[in-house]
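Here is the structure we will look at, set down as structure tokens.
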Amino acid sequence: MLEAVFWANAGIAIVSALACITRRSPVASALWLIMTLFATAVMFVLLDAHFIAVLQVMVYSGAIMVLFLFVIMLLNLGDQSATDMKGWFGRVVGLALGVFVMVELWVITKVVPVDQIRLPAGELNRMTVDEGAIAPVAQVLYTTYLLPFLLTAILLLAAIAGAVVLAKREV
Amino acid sequence: MSGFLASIGYGQWVLEAIMIVPLLGALIVMMGPSAQAKKIALGVALVEFVLSLGLWWAFDQGTALMQFEVYHEWIPAWGIAYHLGIDGISLFMVLLTTFMMPLTILGSWNYIKEREGPFYALMLVLTTGMLGVFVALDMFLFYVFWEIMLIPMYFIIGVWGGARRIYATIKFFVFTFFGSLLMLVAILVMYYVVGRETGEYSFSYRHLLNNTQYLGQWAFWLFGAFFLAFAIKVPMFPFHTWLPDAHVEAPTPGSVILAGILLKMGAYGFLRFAVPFFPHVALDPTVATIVVTLAVVGIIYGALVALVQPDFKKLIAYSSVSHLGFVMLGIWALTLQSIQGAIVIMINHGISTGALFFMAGMMYERRHTREIADFGGIARVVPAFAAVLTLVALSSIGLPGTNGFVGEFLVLIGSFSQYPVATAIATTGVIFAAMYILLALQRILFGKLDNPANKKMQDLSIRELFVLGPLVVCIVWIGLYPAPILRRVEVSAQALVTQVRGQLPVQAKAIPEEQQPLGKFGDDK
Amino acid sequence: MIWLAVLLPFLGFLVNGWLSFFRPDAKRAVSVIGVGVLVASFISALAGVVGLAGAVHDAPYIVHMWSWMPVGELQVDLAFQVDELSAVMLMVVTGVGALIHVFSVGYMREDRSYPRYFAYLNLFVFFMLVLILGANFPVLFIGWEGVGLCSYLLIGFWFDDEAKATAGKKAFIMNRIGDFGLLLAMFMIFRAVGSLDFLEVFDAAPAAFVTNGPEITLITLLLFLGCIGKSAQIPLYTWLPDAMAGPTPVSALIHAATMVTAGVYLIARTNILFAMAPVSGAVVALVGAVTALFAATIALKQWDIKKVLAYSTVSQLGFMFVAVGVGAYAAGIFHLVTHAFFKALLFLGAGSVIHVMHHAYHHTHSGEDAQDMRNMGGLRKFMPWTAAVMWVATLAIAGVPGLSGFFSKDQILAEAFARGQGAFLFYVIWALGAVAALLTAFYMTRLMLYTFHGPNRTGEAEAKQLHEAPWVMTGPLVVLAAGSALGGFLNLPHVLPGAGWLEHWLKPVTEGSVPYLSEAHLSAGLEWRLMGLATLIAAAGMIAAWYFLKPDRLGAAKAAPAEAGVQRVLLNNYYVDELYNTLIVRPTDWVSRKVLWRIIDMGAIDGAVVHGAAKVSRLLGWIGTRFQTGNLGTYVVLFVIGVLFVLSAVAG
Amino acid sequence: MLLGPALGVSAILFSIGVLGVLIRRNAIIIFMCVELMLNAVNLSFVALAQQLGTDGQVFVFFVMTVAAAEAAVGFAIIIAIYRHKETLDLQNLNLLRG
Amino acid sequence: MGMVVNLATPAGLFWGMLPEIVLTGWALALMLVAGWRHGGEEDQRFAGQLALAALVSTLFALWWLWAKDARPDGIALMIALDGFRYASSTIFLLGAIMTVMLSLGYVRRERIHTPEYYLLILFATIGMMVMSAAADLIVLFLGLEIMSICVYVLTGINRRSVFGAEAALKYFLLGAFASGFLIYGIALIYGATGTTNLTLIAVSITNLGLQSNGMLMAGIGLLIIGFAFKVGAVPFHMWTPDVYEGAPTPITAFMAAAVKAAAFAALMRIMVHSLGESIGTWQNAVWWLAVVTMLGGNLMALAQRRLKRMLAYSSIAHAGYLLTAVVSGTETGAAAYLFYAFAYTLVTLGAFGVLAVVGRNGERDVRIDDLAGLAAKRPWLAFAMAVFMLSLLGFPGTAGFMAKWYVLMSAIEADQWKLGIILVLASVVSAGYYLPVVMEMYMNQPITEEAHQESVAVGAGRWVIGATAALLLLIGFFPGRLMDVSRSSSDDLKPSAAFTLNAPTGPDAGMASR
């Protein structure tokens, strides 16, 4: 059952991703990307990452993609009729390379983690049941990963400052 | 004399002094007024010469050990030290350098008309650099000096040179740089190979020399790198093509230094490093055949190409290729006579070719051309010039009684027992030398004085006589009485021959302590 | 005392050289010094020789100056060796040299480079003395090359004339080719013996070499190569005729009497080595004989008076080599001495003729050739002294009995003939020599006829200017004439009383070689018959010349018809110069210029490798930057290619 | 259980993102493709987290933050370039080259 | 051992991150000031001075920590406290300081009146320091992103310049693209080893025998790709010339020196510390990258006539030399990196400083020929530039030589002598474009009489040029001290045997040590 749902969503994600990179209109691309993100969120849930799935929907699909659409609209790119795809040569080269990357990644990532470092089966699911969806993540985030967490603050601050300075209209 | 030198502790400070004096001089020259630059520089160079002259007496000709050693830690973590010393082989390279420098400065008196301060400062820096190459006893230090004197030379050619100076400088630089960088890799490989075997990581020349047996299979490749670096500098055929361009474009003092001293560094490198470090490779029949062949080809080839040069400086440049071929032959024959001969040729070539370049410069100063065809019959108007040029030319072709003969004769007679056929072919070089030099002499000095511009040529001035006079004296003196030089070189040359030949019969065998020609590292410190 | 004899000319050179720069007009001082040092040198040499003769000696007298090249086993001293052989040479060089110096005072009087001339001449004598006195090969070599240098300087003395400068150069280079052999011989000797001192080498030679072995043969052949160059034998003889470009006294001194005989001296000096290598000896003799004949044929048809004498010199040197080649060292030296007298005399005589001719043409500003015999004729009327002494010399060289040349030449031929019993080759050599002697008599008579006899062809105006040369020039001629006439008594044939003085004198030098030489003895009868034959030959040559040549019918040079056929070939020296030019000189130049310089140096090394590497680097760089399109698409494509590359590298 | 498949899907999605970058010329769409790649990485993290512990999920959190920050700066840059050039077609943005 | 810091406690974290915290504090202060005072030239200079003060005080904080020789208690979690960090952070800070000094004059001339300019430099510096300090791949990634984002913006900060905008866009898109590979690599390494802690990765690899684990190899490969992009290795270098050309010159210098150094610091730490034992998996890849980068950078630089672009390509070549140090995978390599980065920072700042002086408005078009005769008009400037060029060339007597020598030593020590030979051959090629600069300055005449009239280094920029040139020469002749520091700073970069043998592995390893 779970596997069926996973595979269905995997299919959706892949198809939407393909659609995303092939649609003419940026708006359509953006929407297809959102579709991929949603399908991925479902897979997150299936992989016992409930909190992350929520974040995925809220932050990614919600915030970031809205930003995309917003900018597309702002720059009035929505109705662009001419495709921005490369010519056939570029597409063939791109396709070939993309396929190669895929094959290569596929070949060398088939290995799964060795047994010694794996949690007992269903451990994460049990933790979610025991502690709720957020606590296991939060536990780690605010203790072990406190420093990176703080760094994200600096990251966002820098990004804000940068975005402001670039987007300011006056010169 | 030696008593007096001992009383002032000459041996302790002389190397430090001759290394630092030119640098200080360069500073003063830079700081001082440009108009006084040449006078200060000349003074410094003379002081330097006088300082170094004491080596003649203070040098102990009874030992092959390094003398006048200077040792300071430099980068102790890597076993790099500022370690200097002189033996019979380097003694005359040092003296040649300090001898040529005042003359060169005097010779550039009127030739250099702009940016005099920097020019003379560079000349003085160059002095230290060249001396450093000859006295360094640490491979790292040697490499630094080896490279660093490229820079003053590069500027001297590039700033004060002729029309195609840019091309010439970059060619000169890149050729040398190419070879020396490979040598750098080789030095490092030696450092690690020897370090791993002995547990002592050091760039000390002695340390490496005493442990060459550990190099094993590496030796061949290491030798190749050293060979390339030195062969380019010498220059050996077919690595010589930078030389004519550099010589032609360089200002007179540049050419003089280049021919007089810089080329010796390659030969010195062979004598000091390439051959003693890798005796098995150097004397390997195949390698020796190749080197000797190249040397002989260089002798003939340089002479033949010199024969057809329309440009006097180019002719001299190619003649250098020919002369240095004799040096290489002598080094590779590795007999006492041939090694000593090679060293004498190195000295001679500095003196004779230096003088030739001076005279080419004097011609250029007067007529602003170096084309042989633009001259002719000038012996009538400049008899003193003609006389000196003839003498120098005769020295260059090795007329007995001049210095040129002593060197060539010793090399050839020493080499004959090792490579009779090659020596026989090399000996034909004396014929070709006569051909090109006499042809040039004839075209420049003799014939009809038909070019009106030549009729107003001035004969040698007093200053120019002072430049050429010491060289002429040396030509005759070394030609007739080279024994003092030979005696000072003998023990070191013998030690070299013994050391290299001594390693030959048995592969990879440590030399017994008492046979080692050089003291062990740091004994006396 | 001997060192004084050497030093004085050198001092003369220094002083005269100094004067040539700073007091070029001080001709009187130059004359005094230039001649004075020679005379003083002669006197001191004479004193030395007399001392040597008087001493009871069993070894040569060695003067060590200083250690020259002490390198391990090789110990070369600057040392002089005085023995019987060098004593003879010493006398010839200083004696004839002094006479020629005196002659030069008159001959060069009007030259603007007078001091320079004497400086060179003094220097030459110095080097010649070093050559003959050197106690080892390298010191000999100093003199050997030094005289070459002076020859070069003096041939090109009037260097404004391109041709003269070229002639000097040619002489030097050809000499150098010979020196190459000498050098190699030295190397081989050193390798075999471990020394280059004459005494040590000659002492060690019997033990060090195998008689008739390849090593000694090669050494001697190489030594002979040196002699070929210096003494102008086939194939390196062509410089000597050209060397006539120098002032005539120079031709007399250097290119007739002294320097060119150095080769003969060297073989005589190293007689033991040659004796041990009979093959080399035969080669020497054969080359000498062939050269003698060959040069004589060319001399037949030369018009330039000095050229005739030059080829004659080459020919006579050939005789000397026949002598030393067959092992008759004393005979060779004997001919050397007599030849010095009569050939110097001939040259100096020719010099006075030329001097006078030149003077005459100079006076009328005529561009005629002062040396062409076709412009002379009947000069005996104007210059009786000169004509008379030159007749003495001509008769001597032609081999008229009683005169010096008769005895020396006859001795050589006799010695060669004597060896004929051992090997037929020597009969051939003898025959060649005999024919050459015949031709000698012919061409010398021809020279005298055309120059001094018949009508005068100089020209109306010029003839008025013709007169006898001044006493300072004729004086030496007379002295030399005496030498030419009486020199034969130095070494009379065995069949005459008081025979073989010179041979006896040279015994200490040559006796080492005696054991190796084949016994060659002529019976007295045969010797008499050979002498008779020689007389016949001389007479035949002279009479033939007298009979066939008609000086009366000869026209002046400018009116002379072009030569044809064999005559033209002879006139042009068998076109040997042209042959050398085509076969050696021009190919060398072409190869050097086109192949070595243009193709290998500039093309292959510089062009292909050096510039090629630079260009390839730039091209690669340029190609690399072509990907830098500014277009992000390209960058991404390369990026992804890089990704594949890295992943493969990691996986593989 | 689903680790292998999830990693595979992740690889495919990542490759599609790369492919998108390769074949598109519009700056915004290329940027979207980069987001797609990041999303694929997130899937890997989450899949691995199921086996290795919640650390992986935390990493996803950080990646999202980075994506957001990049988005902010990216859009600012895009707007800036749009002001100059009135286009986002990268083919027309090649003043700098060679 | 000096001060021991327990990084699991907030106090420990505070002390361990002191320099970064100091700098962040200053950055926040600057942000406030910028919000309050922005617009005029004066304000801009004030911001610059503030930034200078920030960086200098951070440097002192860092050195304080260094002097205390602070060491982590047990395995370094999240951040490392070791000499390598201190030394490399010092380099970034020095680079940033000099960048700010160069900028003071530059922004005035170019009328860039945005105080965020300095703010972003500070943030970028924080990112770099975090990168070199990171003992965890995630921290490293975040540091890298902080740095990158700031640099993207800095590239395009001159909003009047269309070149700047284009450069920023290219840099940003490719940078984000490369980040995707990097984070994917981190994910795979995490998957293979179960941890992102650098020490524990090493432990896992050794204890679990993961050397030929496919996922790990893929992860390493992707990680290398990410870094290769940041350091500008061929064929991931395509952004470098465009971005260097388009960015304001001091920022170009900053990117060439500090950004590159930071990326190398992180790469070096990972490769030596974490992956030193599994060198076989990645050495080949980096070897080839080093080769093509050295050759490619040098060859392409040969084709340039524009100075800034030429320096950009030359920086690619230098990345190749540094990759050579990485290939060795030894502590000597790390030490060589430190030395090299220091020397290269000096020379880059100096050279771009000269370029900024010579360039005037629209400096992207300064050609090599434009320097003709500089020596006659501005001898000291030309001298400094000559020193920089020779140092870049790696000529003895300059720090550049010692740096290259050190790199060569590390390569040959690791028996990579072939790479050494390629390195020196590439150096020979580089003579073909560094030397012409010197030649133009010294051996040619100025094109016009008026040339170089305005090329006067003023203020802080002059100090930067002078000081870097002097330091380069000084280090060139007396490198001993700096070499000792480099060596001692990196001699504990490999995880000590105590960790690799005894530390637990497994899902709880991280927790256990926590």
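All chains are identified by letter, namely A, B, C, D and E, in their written order; residue positions are counted from 1 within each chain.
As a convention for this text, contacts are C-beta pairs under 8 Å (C-beta built on N, C-alpha and C of every residue); 3 or more make two chains touch, one makes a residue touch a chain.
In this text the structure is predicted, and so the values were computed from the model without any measurement.
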Practice problem: Using the contact definition stated above, find the chains touching both subunit A and subunit D. | Solution: C, E
Exercise. Would you kindly count the fewest steps from subunit C to subunit D, each step being a jump to a chain that touches the current one?
Key: 1
Self-check item: Any chain in contact with subunit C as well as subunit E
Solution: A, B, D
Practice problem: Work out the mean Cα position per chain and let me know which chain is farthest from subunit B. | Solution: A
Quiz prompt | Selected interface, B-C versus A-C, where C-beta contact pairs are more numerous | solution = B-C
Exercise. Find the chain most remote from subunit E, comparing centres computed as mean CA coordinates.
Key: C
Quiz prompt | subunit A-subunit B separation of Cα centroids, rounded to whole Å | solution = 70
Practice problem: Between subunit B and subunit E, tell me the centre distance in angstrom, where each centre is the average of that chain's C-alpha atoms. | Solution: 43
Quiz item: In angstrom, rounded to a whole number, how far apart do the mean CA points of subunit A and subunit E lie?
Solution: 30
Exercise. Could you tell me the distance, in whole angstrom, between the mean C-alpha positions of subunit D and subunit E?
Key: 25
Quiz item: Which subunit A residues touch at least two other chains?
Solution: 86, 90, 93-94, 97-98, 101, 105, 107-110, 112-113, 117-119, 144-145, 148, 152, 155, 158-159, 162-166
Quiz item: What are the residue numbers in subunit D that touch two or more other chains?
Solution: 7, 14, 17-18, 21-22, 25, 30-31, 48, 52-53, 55, 58, 62, 66, 69-70, 73, 76-78, 80, 90, 93-98
Practice problem: Could you check subunit B for residues that touch two or more other chains and list them? | Solution: none
Quiz item: Every touching chain pair, please?
Solution: A-C, A-D, A-E, B-C, B-E, C-D, C-E, D-E
Quiz item: Which residues of subunit E touch subunit C in their complex?
Solution: 170, 173-174, 177-178, 181, 214, 217-218, 220-222, 224-225, 228-229, 234-236, 238-239, 241-242, 281-282, 284-285, 288-289, 296, 298-304, 429, 432
Quiz item: Can you list the residues on subunit C that touch subunit B in the complex?
Solution: 17, 20-21, 66-74, 78, 138, 141-142, 144-146, 149, 152, 156, 159-162, 165-166, 169, 172-173, 176-177, 179-180, 183-184, 186-188, 190-191, 588-589, 591-593, 596-597, 600-601, 605-606, 610
Self-check item: Footprint of subunit B on subunit E - complex, ascending
Solution: 390, 395-397, 401, 405, 408-409, 412-413, 417, 420-421, 424-425, 427-428, 431-432, 435-436, 438-439, 442-444, 479-480, 483-484, 487
Exercise. State the interface residues of subunit D toward subunit C in the complex, per the touch definition above.
Key: 18, 21-22, 25, 30, 90-91, 93-98
Quiz item: In their complex, what parts of subunit A are in touch with subunit D?
Solution: 2-3, 6-7, 10, 13-14, 17-18, 20-21, 26, 29-30, 33, 36-37, 40, 43-44, 46-49, 51-52, 55-56, 59-60, 63-64, 67-68, 71-72, 74-75, 77, 84-86, 90-91, 93-95, 97-99, 101-102, 105-106, 109-110, 112-113, 117-119, 121, 124, 127, 136-137, 139-141, 144-145, 148, 152, 155-156, 158-160, 162-167
